[in-house]
Every structure is written in C-alpha cells, then in structure tokens.
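Okay, so subunit A shows up in both of these, paired with subunit B first and subunit C after.
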Partner chain A sequence: MIAAQTSKPWLQTLRLSLTGIVLFLGCWYLAVFLEVTPRRFLPAPHEVLFRFVQLIQEPFVGFTLGQHLLSSFRRFLNGFLLAIAIGIPLGLLMALSRGVQLLVTPIFESIRFVAPIAWVPFAALWFGTGIGGPTLVIFMGAFPPVLINTYRGAIYVDRKYIEAAKMLGAGPIRLMTQVLFPASLPSIVAGLRISAGLGWQSLVGAELIVASSGVGYMMVKGQASIQTQIVMAGMIAIGLVGLLIDILLRRMERRFNRYQEVH
Partner chain B sequence: MADIRFEAVQRAFVQGGKEFLAVGGIDLVVANEEFVAIVGPSGCGKTTCMRMVAGLDQPSSGRVLVNGQEVTGPGPERAVVFQQFALFPWKTVFENIAFGLRAMGLGQTEIDDRVNRFISMMGLSGYEQAYPHQLSGGMQQRVAIARAYVLDPGVLLMDEPFGALDAQTRVVMQEELVRLARKNPKTVLFITHAVEEAVYLADRVVVMSRRPGLIREIIDVKSIREKERWDDHPRIEDVMDLGSFVHLRSHIWRTLREQHLGDDQ
Partner chain C sequence: MPSSLPSFVRYLYPPVFLLGTLLAWFAVSEWWQWISPTRFPTPTQTAEAFQRILIQGYGNGRLHQHIVQSVLLVSLSFTISAALGIALGIFMGASRKIEALVNPVFLTLRPIPPLAWIPLAIVWLGLENSAKVMVIFVAAFVPSVINTFTGIRSLEVPQREAARMLGIRGRAYYFEVLIPAAMPMIFTGMRLSLQASWTTLVASELVGAVLGLGSILNQAAQDINPPMILVGMIFVALSGWLMTYGLGLLERLAIPWRPV
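And then the complex of A and B:
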C-alpha cells in the first residue's frame, strides 16, 4: 500500500492501463485456444496485427488500408462539415426567433431518434453509392449534437450581452454572428466533439452497405471471403482514427474552456 | 437634441402568481442636455425607469417619449452604460468601442477616427488591443462609457455605472464623468443609490420612494451649483466639503430616511 502511494501517479496509471490490455489480450487468446467459436471466425491477436501491417502495405479490394481510411475520412468530413454548416446557423436562428424554434423543434425531435443507419436505404436510392449516399448517413448522425449544443449554448448567453448589442444598434445577423456565436462557442465545440464521434460511427455503418471503397467496404469484403483478420483490422483502424479525431477536438475544447475561464 | 418624457408611466410585474407595481405612476421631463439623477432605495423601480427609456422594458400603462417619439425598442440614439459593464469579452477594447459604429455602417476611416478620439479621451491609449478581462474594473467602465459616448447619442442612460467599482476608482470616474459631461453635454438619466454621487453629478436629483416607485421630491441642484460656484473646485472632496453641498446631501438623506420610517409604520 505504502509503495503504491509513494510511486508516481502517472506510473500507476500506466501500470493499470497495461494490466487492462494484457488481461484483455489474455482472454482473447484463451477464447481462441479453447475454440469458443470455429477457429476461422475468431483470429488470434497476433494474426490480426500481422494482417493490419500487411493491409497497410498491400492493396485489398483495390486499395491499401491507408487509402481506404482516406476515402472514409473524406466522406466523414463531407457529412461533418455539412452538419456544421447547417447546424450552427440553424441553432443560432432558433435561439434568436421563437418562430423558427417552434417551426423546427417537432420535426427535429422526431427525426433525431431515428438511427443514422436507418437512412441507408434512402441514402442509396436518392444519392447512390458515390459521395452522396454515405454523406447523408453521416450527416444524420453528426447533425443533432451540433444543432442541440448550438441552440442550448445560445439561449443561455447572458442577457446583458444581448441587451448591450441591441442598444448598440445590432440587427439580427450582427447579433447572431458577433454575439450569440462567440458567446456560445464553448458549448458549440463540446457539441462538435459528440457530433464527430457519432458521425464517424455512422460512417462505417453507411460504408458497410453503400460504398465502393473505405474501411467499412473493406470489412464487408473481408467478411464475404471469411477473412476475419481483415474485419478486425478494420475495427482497429476505425477505433484508432476515431480516437485521433476525439483527441483533436478535445484539445480544441480545452482551449475554448480556458478562454472562457478568464472571464 | 433630445428630451425624455415620462407620461403617467406604470410598470407592473408578476411574481409568484401575484402582480405588484414596481413603478407606480411617474411623470417627469428631462430637458435637452440636462443631467438628471434618480436616487432611491433598492427596489424602488429606478432601474426599471431607465430600462423603459432604453427600450429594454415597456410600461404597463402610460408612455415614455424621447424627442416626442414613443420608445418601442432599444437603439443607438439612447446609449446605455450598464452597472455590470456588459463589455463583449471576446472583443478587444477597440472593437468593443467600435461595435455600435460598425452596426451603423460607417466607413473604416471614420470608425478609426471616432474610436481613437474616445480612446485617448478616456485614458485608454495603449490598451486598444487588450481584452476586457485584462483590464481593471475602472478601466472596463471607461471602455463602456466610451462605447456609449462614441455613438454620439441623443440620450445617455447610466444604471449605477460606478456601483461595481472600489471607492477610490469611483471618485476618479465621477470627476472624469463631470469633465466629460461638461465638455460634451448630453441628455443624461443617471441611476444611483449613492446620494453624494447624485448631488455631485446632476443638474436635478429625483428622489423616489420605495415600491411602488413614485417621485417623492425633485431637487434643483444646478442653480445651487452655479450660485455657489462648485465647478471652480476641480476635486470632488473639496466640493463635498462645501456647506451648500453638505446641506443638500443631508436634505436628500432625510427625505430617503422618512420613507423608510413611513414604510415601517
């Protein structure tokens, strides 16, 4: 006990994290060894790792892992940016005008409970398997958190700023862009983080069905040829990129929160 | 050119399901370029009176007219200096002061000219690119005053603008406001609960009673100030030592105190 208390906290964190990973891999190997499922349905960790490295170097269904990831990321960016471009202005408008808020709320509140993946059939029918279809599915995942956080952030903006801006002669557009938007940035950025996570998750769902490239597509093809290592390698790649996006946005969030604390 | 006119103004609020009168029926005319201070105990509706002139609140009955026009909403011809400053924390000192001019659609050169004039007049030179949180309370209030003055408004509304400042800063700001107001006379409605401040700054002092807010007495300070030559004394403490000042202050204090006694009975 005393030894544990005197050791550095980061060392303790590292030790526990590593223990968790080792335990997980141990269970995995055990399941493989005991053949819980047929051997070819559950590859061993080192086989997945081997395949992961191989996928980076050699193309599978036309592309290397890096290229698949890049095309997935492009789709993600399309949907995510579209969600930002519509969600932020609409959220600010809803905060500014009760009319707009009443107009949007009923539709939005019912649509947002439909899982993004449920849009896949229509995404394919309306926009095809190129760039459009997956973009719609990602948008459906990424849009609600942007809108909700922008709206909530904007309605809780201190009234004194709004009164000051109106007294200074600001019209609705100036009020939105110069006051509501900067004042609710911390909330908006927090929303973007949630939105990016949900969008990235929806992307893979979309690609499982409508795409001719991308990590999700790669996984489907891997499954079809019962190359389970490929499916798992895809899962790892998705996890890693998702984590990367989250770290990036978390850094951005921390910056805005720090800015807010000084007031 | 602007005057303010309250015509039988009442303002009722609903609190806990009950309606109560915050402002009980005010008739008052503030002449063009006159500096009027309203004093009264907290909750007497003095801030509500100012907000109705600003257009941030509406009377329940009666009318508030500025320049003969009924006030329907906020606007830059009636600039407000708020007690809590209400500077935009995400904008620099320069951009805070320029905000209203940009909304007016003025050109960059005119904005630069006007903003820089008030930056030097308010002793803010060198802080143009600073953000409000980097300034002291006194400096922040200078920015807020500059932001209102730079609009060249017909009416200037001040809601306990020095209430959040420490005593020393407050005195400096009061002296500066007197200098500024004598140099650029404006129609000013100044809300405060500090009697000395009201007597020192205003041409007339309006004493309000507790809820429902009514005018108890209006004191003409200007004629006494001119007769006793207060403005010959540059320092506030010298003015406050003058017999005529002490007399006025005591008189207003007594009026305020009588109401408290009246309320308690």
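And then the complex of A and C:
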C-alpha cells in the first residue's frame, strides 16, 4: 500500500484535480438546469465559451474582443511605462539623497492610501475619458510598488560599491545608472510584477467607470443589457491577459535572480 | 524616516511638512492662481465642501453616514470572507488531497481581478448592499487563502515530526502547531485582503450606490464639483488607513511573540 502511494502520487493528484474541475462545472450546470435563476443571468459554461469565440469574430459595441483588448492593453502600457519611467529614477534618487527622500516620503505615504480607483473623478476631469484619464488611474495603481521596491533595493546595496565608485570619481548620475540600478535590479523586477498586477486591476476599474472602449467598457455594456455571457467572457479575457503579463514578468524575474546568483 | 536624524527633527518634521504643503497649496491656488479652481480646488473651497457634507449632507447623506456605510460593509464582508479563506487555506495546507481537489478551480479564478466581478455582481444582485458583499467577498478571499496556505506549508518537516512524536494530534495539532506557525502569513494575507476589499468597495460604489464614500466621488464627478471630489478622496484614504491601522493592532494582540 505504501509502495502504491509513493509510486504514483501525481496520478492521485491528477485524479483529484480533475474531480475538482468536474465538480465545479457540474455544480454550475446543475444550477443552470435547475434554473436557480433565469437563464440570461446564469448562462451555461459552454454558452459563455461560444460567446467568447463569437466576440473575437464579431464586433460588440463597435469593436471585436481583440480590438477591445488592444485598446485596454495600450492604456495599461501607457500607465505602466509612466510608472516605471518616474518610479525607478525617483527611487534611486531617494536612496542617494536624504533631501529628496525627506521631501518625497510624506507625500508618497499619504497618497498611497488613496485607493487608485478614487482617482477616477479627477482623472476624468483632468485628462478626459479617452487615453489620458484611465492612464492616470493605472499609473496610480502601478506606481507605488515600483518606487518602494527600487528604493528598498537601492538602500540595501553594499556601501562598499558606492564608496568605491565615488572614490573612482563617479558623479551622482553614473552612480545611479551604473551602480545602484544594476545592483537593485532583482528587487526592481520583483516590484514590476506586483505593479503590473495592480496596474492591470486598476485599468479594469477605470474602464468600468470612464472609457468608451476596452474590455471593461465592453463588460459594462454587457451588464447594462443583461447579457451575462458577455460579462463572463470579458472576465475570462481580463484574467487571461493578466495571467500572460504575470507569466512574462515572472520569467524576467527568474532571469535576473539567476544573474545575481552567478555574479 | 531615517533614524540617524536627531529625534526632535524626526518628531517635528511631519507637522512642519504638513504646514508647508498647506501653505504651498494656498500659494499656488489662491494667491498666485497658477492652478485654475475648475481643475483643482482651493483650500477655501475644500473647507466649504467639507462643512457642507458634514452638516447639510451631500449625495443622499451626511459624511458620517457615508463613512459608516462603507466601513461597516467592508468590515463585515471582509471578516466573513477572510474567515472562510483562512479556513480553506488551512485545510489546503494541511492536506495534499484537498489541495489537489481545490487548486485547479482556484487557479483558474485567481487571475480575474476582483474589480472585474463588479459587472457580474450588478447583473446578479443590482446596486444593493448584497452586490457589494459579493464583490468584497471575492476580493478578500483569494489573498487570505494563498497566504494562509503558504504559511501552513512553511512549517518545516522537523517541526511537524517533533509535534507528531510528542503525540500532538487532531484538534491540538491544528490549534497549537499549524495555526500559530502560520499566523504571521495569515496576517499578511489579511492585510492584502483588506486593501483589496477597500479598493473594490470604493470602485463598486463609484459604479453605483446610494450611500458610501465611493458614491460621494461619483456624485461629485457628475456635478463637476472638484472640492467635493477632494473631500471624498481624503476620506477614502483616511478610512482605509484607519482600518489598516486597526488590523495592525489586532495583529499585535494575536501574535505577541512577533518582533515588531
């Protein structure tokens, strides 16, 4: 019996995993067939899947699913890149200069507690509902982890390297780009992963409230016309893209960690 | 705050900074008028908006009613969800079978951000409190499960075996070995859960609600009332901070052995 258990533990895991999925789908189908709620509120799993495929081919509220995703992704990239472009240099600067650190910390600490989504009204007022408004909301979600991780990574860089670089005549800019930045890279990349997750999540929120295209907008329209399949298809699409972004960044993270171990 | 500074500077700095920011705000918006009040409110306008919502009310209620609505809703739903999430995390951590059973479904649902559940919650439950409870439940559940699970698994084999050898079984094994060991991770998960819950609630109130801090923001955005937007944001931040602080206190009570 012990031998049987140790020889194929993966088989048991697989069996249980399949049971879990079957149970989940089974409950879903059961709820659909017993008509717990009317069909349009709870479509069957395969209907959601059909609608998903259909959305890829046919436009809904003006765009196909691919186009909605593209416009969402472009907004996400804007906000995310902006967070990187400001967060990394600022984090390095804070680690280097006491003055900057004293100036930024209180502002940052107080703004951090504002949920990114609460920026939506100002975002719409200042930058409109096209690209700019949602970008600000994504930026507010994505910025804190980048800044925090860059700063933490940079203050834990071995003082020896900084002293050595200073002695060899490196100015503050070279110190930042050639010493602090490479040394804190693993921490920065770890921050990027968190930041991308939060940014993607803020994007969805921003699009639910202010946007005229994008997956979030598509879901709101589906919700308004009680087409639950569209709402669920949107959730799947958002989940998939989020997962893809996370996998990409995780791969990057692993590479930089290996880099650190070798050197 | 860097600890190398003299202590009186450390204590004096925050209020001095606050005063400086306030002064700068007066300067750029009221005295020199660099920023148009249609874009960002002046301090006087903001004070007036604050007074108005405090005394007369704004958007279906007075300030304290909005705060009570939001904070109470989050606290209740968060507590239920985190309790269930922690329980599932403990079972998943303790038994590989339960882990194998639940994990695939869990992993499939996990990448969907909590905010993406808002439209579904509205289709199912409308703009009532119950829709918010559902959304907060989803938001708080996932981090609780993951962190509890990780915490339970972080207990090393020698410790497990020592516990077994000393004859600790059944309930005692859970309550005196596994759960205390996982406690720090459980609280990490709860902090993440609370943050996610708060963001999600504000978002779903922004989408549609009668009362609540998010609904102030929504109403103020529709009325194009920048001072009221700012007041709403300040109280979203303050309430969020207050709840995080409360959870921190709870943590210190629950894990007295943890070095702070």
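The rule is simple: the second predicted complex is superposed on the first by the 237 of 263 C-alpha atoms of A that agree within 3 Å, B and C clash if a C-alpha of one lies under 4 Å from a C-alpha of the other, contacts with A are read in each partner's own complex, and residues count from 1 in each chain.
As a working rule, a residue touches a chain if its C-beta (ideal position, glycine included) is under 8 Å from a C-beta of that chain, and two chains touch if they have at least 3 such contacts.
Computed from a prediction, not measured in an experiment: that's the story for all the values here.
In the three-chain model built by superposing on subunit A, subunit B fits alongside subunit C with no clash.
Subunit A is touched at more residues by one of its partners, and among subunit B and subunit C that partner is C. Contact with neither subunit B nor subunit C is seen for A:57 once the two complexes are overlaid on the shared chain. In the superposition on chain A, contact of A:234 is made with subunit C only, not with subunit B. In the superposition on chain A, A:37 makes contact with subunit C only, while subunit B stays out of contact range. Within the superposed three-chain model, A:17 lies in touch with subunit C and out of touch with subunit B [touch as defined at top]. Of the two partner chains placed around the shared chain by superposition, subunit B is the only one that A:170 touches, whereas subunit C remains out of contact.
After the chain A superposition, the centres of subunit B and subunit C are separated by 100° when viewed from the C-alpha centre of subunit A, nearest 10.
For the pair subunit B and subunit C, the model built by superposing on chain A gives 13 Å as the shortest CA-CA distance. In the superposition on chain A, no residue of subunit A contacts both subunit B and subunit C. By the touch rule above, subunit B contacts subunit A in their complex via residues 54-56, 73-76, 78-80, 82, 84, 86-91, 99-100, 102-104, 132-133, 147, 151.
Residue ranges of subunit A in contact with subunit C, taken from their complex: 12-14, 16-21, 23-24, 37, 41, 98, 101-102, 105-107, 110-111, 113-122, 124-126, 200-202, 204-205, 208-209, 216, 219-220, 222-223, 226, 228, 231-232, 234-236, 238-240, 242-243, 246.
Within the complex formed with subunit A, the subunit C residues making contact are 1-2, 13-14, 17-18, 21, 39, 96-97, 100-105, 108-109, 111-120, 122-124, 198-199, 202-203, 206-207, 214, 217-218, 220-221, 224, 226, 229, 232-233, 236-238, 240-241, 244. Within the complex formed with subunit B, the residues of subunit A that make contact are 160-161, 163-171, 174, 178-179, 182-183, 185, 262-263.
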